[in-house]
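Working notes, structure below.
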Amino acid sequence: MIDRYPWPDELDGALCVSFDFDGESPYLWRTRRDESDEIAELEQRRYGPRRGIYNILTMLAEVSVPATFFIPGWIAAHYREAVVEIAAAGHELALHGWCHEPPGALSDQEMRETLTRASGLLGDIAGAAPIGYRSPSFQMTLRGLEVLASVGLRYDSSMMGSDRPYLIGDLVEVPVDWTTDDAIFYRYTAGDVRPPVPAATVIESWAAEIKAAARLGTLVTLTMHPWMSGRPARVTELGRLLQEVRNSGHLWLGHISDLAEYHRSVPKASFTTIADSLGRPHD
Amino acid sequence: MIDRYPWPDELDGALCVSFDFDGESPYLWRTRRDESDEIAELEQRRYGPRRGIYNILTMLAEVSVPATFFIPGWIAAHYREAVVEIAAAGHELALHGWCHEPPGALSDQEMRETLTRASGLLGDIAGAAPIGYRSPSFQMTLRGLEVLASVGLRYDSSMMGSDRPYLIGDLVEVPVDWTTDDAIFYRYTAGDVRPPVPAATVIESWAAEIKAAARLGTLVTLTMHPWMSGRPARVTELGRLLQEVRNSGHLWLGHISDLAEYHRSVPKASFTTIADSLGRPHD
Amino acid sequence: MIDRYPWPDELDGALCVSFDFDGESPYLWRTRRDESDEIAELEQRRYGPRRGIYNILTMLAEVSVPATFFIPGWIAAHYREAVVEIAAAGHELALHGWCHEPPGALSDQEMRETLTRASGLLGDIAGAAPIGYRSPSFQMTLRGLEVLASVGLRYDSSMMGSDRPYLIGDLVEVPVDWTTDDAIFYRYTAGDVRPPVPAATVIESWAAEIKAAARLGTLVTLTMHPWMSGRPARVTELGRLLQEVRNSGHLWLGHISDLAEYHRSVPKASFTTIADSLGRPHD
Amino acid sequence: MIDRYPWPDELDGALCVSFDFDGESPYLWRTRRDESDEIAELEQRRYGPRRGIYNILTMLAEVSVPATFFIPGWIAAHYREAVVEIAAAGHELALHGWCHEPPGALSDQEMRETLTRASGLLGDIAGAAPIGYRSPSFQMTLRGLEVLASVGLRYDSSMMGSDRPYLIGDLVEVPVDWTTDDAIFYRYTAGDVRPPVPAATVIESWAAEIKAAARLGTLVTLTMHPWMSGRPARVTELGRLLQEVRNSGHLWLGHISDLAEYHRSVPKASFTTIADSLGRPHD
């Protein structure tokens, strides 16, 4: 009934491990017109670039898992040393706006400028320009997709329309899923109405997602944030899960860029393509 | 103290497995006056008609469980191939508005038109006109019930006033329950305040509901959505539960239409009837 | 450091099992100025008087546990047969307003009238006037407490200022706790933002509360609602818990009225009393 | 990649057990312009000074764990006997405003006055002036930090920028974390949208945090409230956890003041320092 996707190396499915290394940038964007000198959430988010990112890099090295880091330009400018260390460890650097701006809040020209500016900085650190983008909060617009293509990007990883890569015009979409995003489980900042979910519960649920991906031949894209998933108990549980995946050997593990480029080489006849127009249909 | 309902085949209780195959239609209805070109939630919901529905059909075939699919006309028009496949597999097709409109938002005439239009399309695919209806979000009005009867429907499955079928005027109500609805556990779209509940937790809780139904002689109606319950980990857990129910043999399993028609044949004397007026009482 | 409360029969602690049999009355109060003909929540709540109350009475008989039912007059008027059955089974009937009105929404005179009217009806069914009150949603005002005393009531069971009975003026307060209230775990009506907690999780947590009460010598007052806790899986789990308590024999189990009257007989010297003024202090 | 912090006594990590003994003070602050005579939440919060604090002191004595109590002056004035007992048991008293005022709501002069007034009262009870502060709800401003230093305090324990002590100007910050705060899990007051998390779940999650702290060489600061964590089931579970930590012997356990003063003695070269400016950066 459903054809099976031909994953690389004839593996059962795929797991992309990715981090949105956003630190305080979403807060700075959100409060960009504030004059307040509140610093509680700033400090809370700085746990990421100060401590969490290093916990994560240590853990990734221990389990030998390559990851993709989506990094706002602002973070690369203010925490360049951490970003250099990410690149030096062999992980992929990709775009996440300049200061975590959602596509719908910018004109095309503004969006293009944030991407170009961040691309220059990340490319300078990594030695090659980034080819992928993830939008803040998984928001996306039709115009935003066009801007991404217009600046020469090869893939986007922000949408949820499938559980395997798919083509949207000239871009490959490597889909994500809220269920495998850490923020909706872990994020708690002052005034929120529900507490964080314990790490063991989240990781157990992700383990079930990963197991089901191997069974059904699909992709899981983990989306995480160093200021949340870099905390000790969480990074410990995450390392345990990745070690299991590494040991089991059933899933392809790699950079999102590699999966996106691979997808372009897959014969279209071998799996369902998505031909629908993406925008709001008119009935 | 409570008389026992005479379930078909002298079974202990009943389980109706149902899906609201709504895809992007609730979003289109909700944003029908928007001009935005945001596509994140559209893509998220399209997982249902693109992928989730096929995962579900495969699973239902594996466990040999007949289900009822409530399908907005808009979905049948835009994803006819999927709906043809549902009908071909022997599942029941039933009404869910044209584009997921809640009864309270329509005039009687408008509601009648959405139902007639959707009925024509679903009847064309199934070979026979649908005889049942489920309202979006389990909302219902007194006028809405009258419209349902006026267009010749035989049953509604949207309300929670009992745990076994009951008569409301000329309609049979096959009741539902929020506790066995997947959306309140699984749905997460941008901006929501709580994360999805892990599939294992939801299915374990449904297993307890089903076990209690056999003990107390009641009905469980599972209400699910392909863009949520069709995701790999969830459909895997759901299949496991349905296999258990199938194996245990304690519950009647079948189309809601069959249970509704059966109820008309049960002697009234053998179980409590509901004679109350349904509307707001005046004290 | 803390003196131990002298529970009846030299038991370790106490458990009061209580039900707020409110059915559709809170909805009628909340929407008393609506003209809508929506019936979804009305039907959902009617599960209580139609089905849940009988599941609960059956279960209580099985485990031989006496309970206290707080019943709005409106419910006794519209579902008299169910209330007769409650009284006939030996459970206590107590006041819960006429139509679930919170004290702060009424003038003293209005509150007095709702209580008097409901007391007449419940007294007629039980053969003796009720002597206790529970406020809707555990809200309370200083004036409300005075009204309760002025109509001759002996106890209130709505507040959380201790974990054993305490005196407030002429009233005994038999305290409750949100943690052992079913509604905040189980209630889900359309539009709510979080799903119900599984019955097994709730009951396991209540079991821990009860165990700790025996250890620390305190009181647990379970507050439940037939339209929620009367559902099959929940009433099954609740029955299991009450059977365990009954078997263990460590806790006093009985009507709240009996505990309140007992408290008046306890020598003050044997436990801490609360002498603080209750209202907002002026510093 | 990350240097290890040199914890006292060459231990693996550290655990600071702390309580914000706020009772009804946050409610009084929040409703300071109300004229209502509602008393439900007042009574709910009074469980802390009436009962919870004594349950906690008993438990801490049983497990021999020294703790730090942040106490609004208003509480010390109204429940002096309880505060005397805390000090007599050898626990640290520290500042928490006069009536739970957040720094951002006060002028510098007002904040200074609340601190000075509360310091006088707590110092009188403890025999020495308090040297530390925790802000209500973990809120903080740049100006607030300056006020804390200006009144001679030595440490703050309100922010989340690391998982070990760090210097902010002349203050030592002993960081906290929402994940190890009881309020976001346990607090439920009328109208909240999600129920309290069971004690066993919270304590199990804290046990994982503590275990990870030993593994990664970090600090856990538990932040708790007597009106919540002093309830029987919760204090029982907490005692079990602290007994385990005490038995395992891996973590330094002590007053926050001692850890803060110790930090000043650690050679800077041996661990990462935080040199960033704390306020909103200008890009």
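First chain written, first letter: the chains are A, B, C and D, and each begins at residue 1.
Going forward, a contact is a pair of C-beta atoms (placed from the backbone, for glycine too) under 8 Å apart; a residue touches a chain by one contact, two chains touch by 3 or more.
Please read all numbers here as calculations on a predicted model, not as lab measurements.
Counting the residue numbers used at the interface between chain A and chain D, under half appear in both copies, so the two copies meet with largely different residues.
Averaged C-alpha coordinates put the centre of chain B at 35 Å from the centre of chain C. Averaged Cα coordinates give chain A a centre that lies 49 Å from the centre of chain C.
Taken residue by residue, chain A touches two or more other chains at 192-194, whereas all remaining positions touch fewer.
Chain-to-chain contact here is organised cyclically: the chains close a single ring, every chain touching exactly two others.
Touching chain A in their complex are the following residues of chain B: 28, 31, 34, 36-40, 42-44, 46-47, 50-51, 54-55, 57-58, 74, 77-78, 85, 99, 188-190, 192-196, 198-200, 231-233, 235-237. Contact residues on chain C toward chain D in their complex (touch as defined above): 1-2, 104, 137-143, 145, 158-163, 177-179, 184-185, 192-194, 197, 201, 204-205, 208-209, 211-213, 215-216, 218, 272, 274, 276, 278-281, 283.
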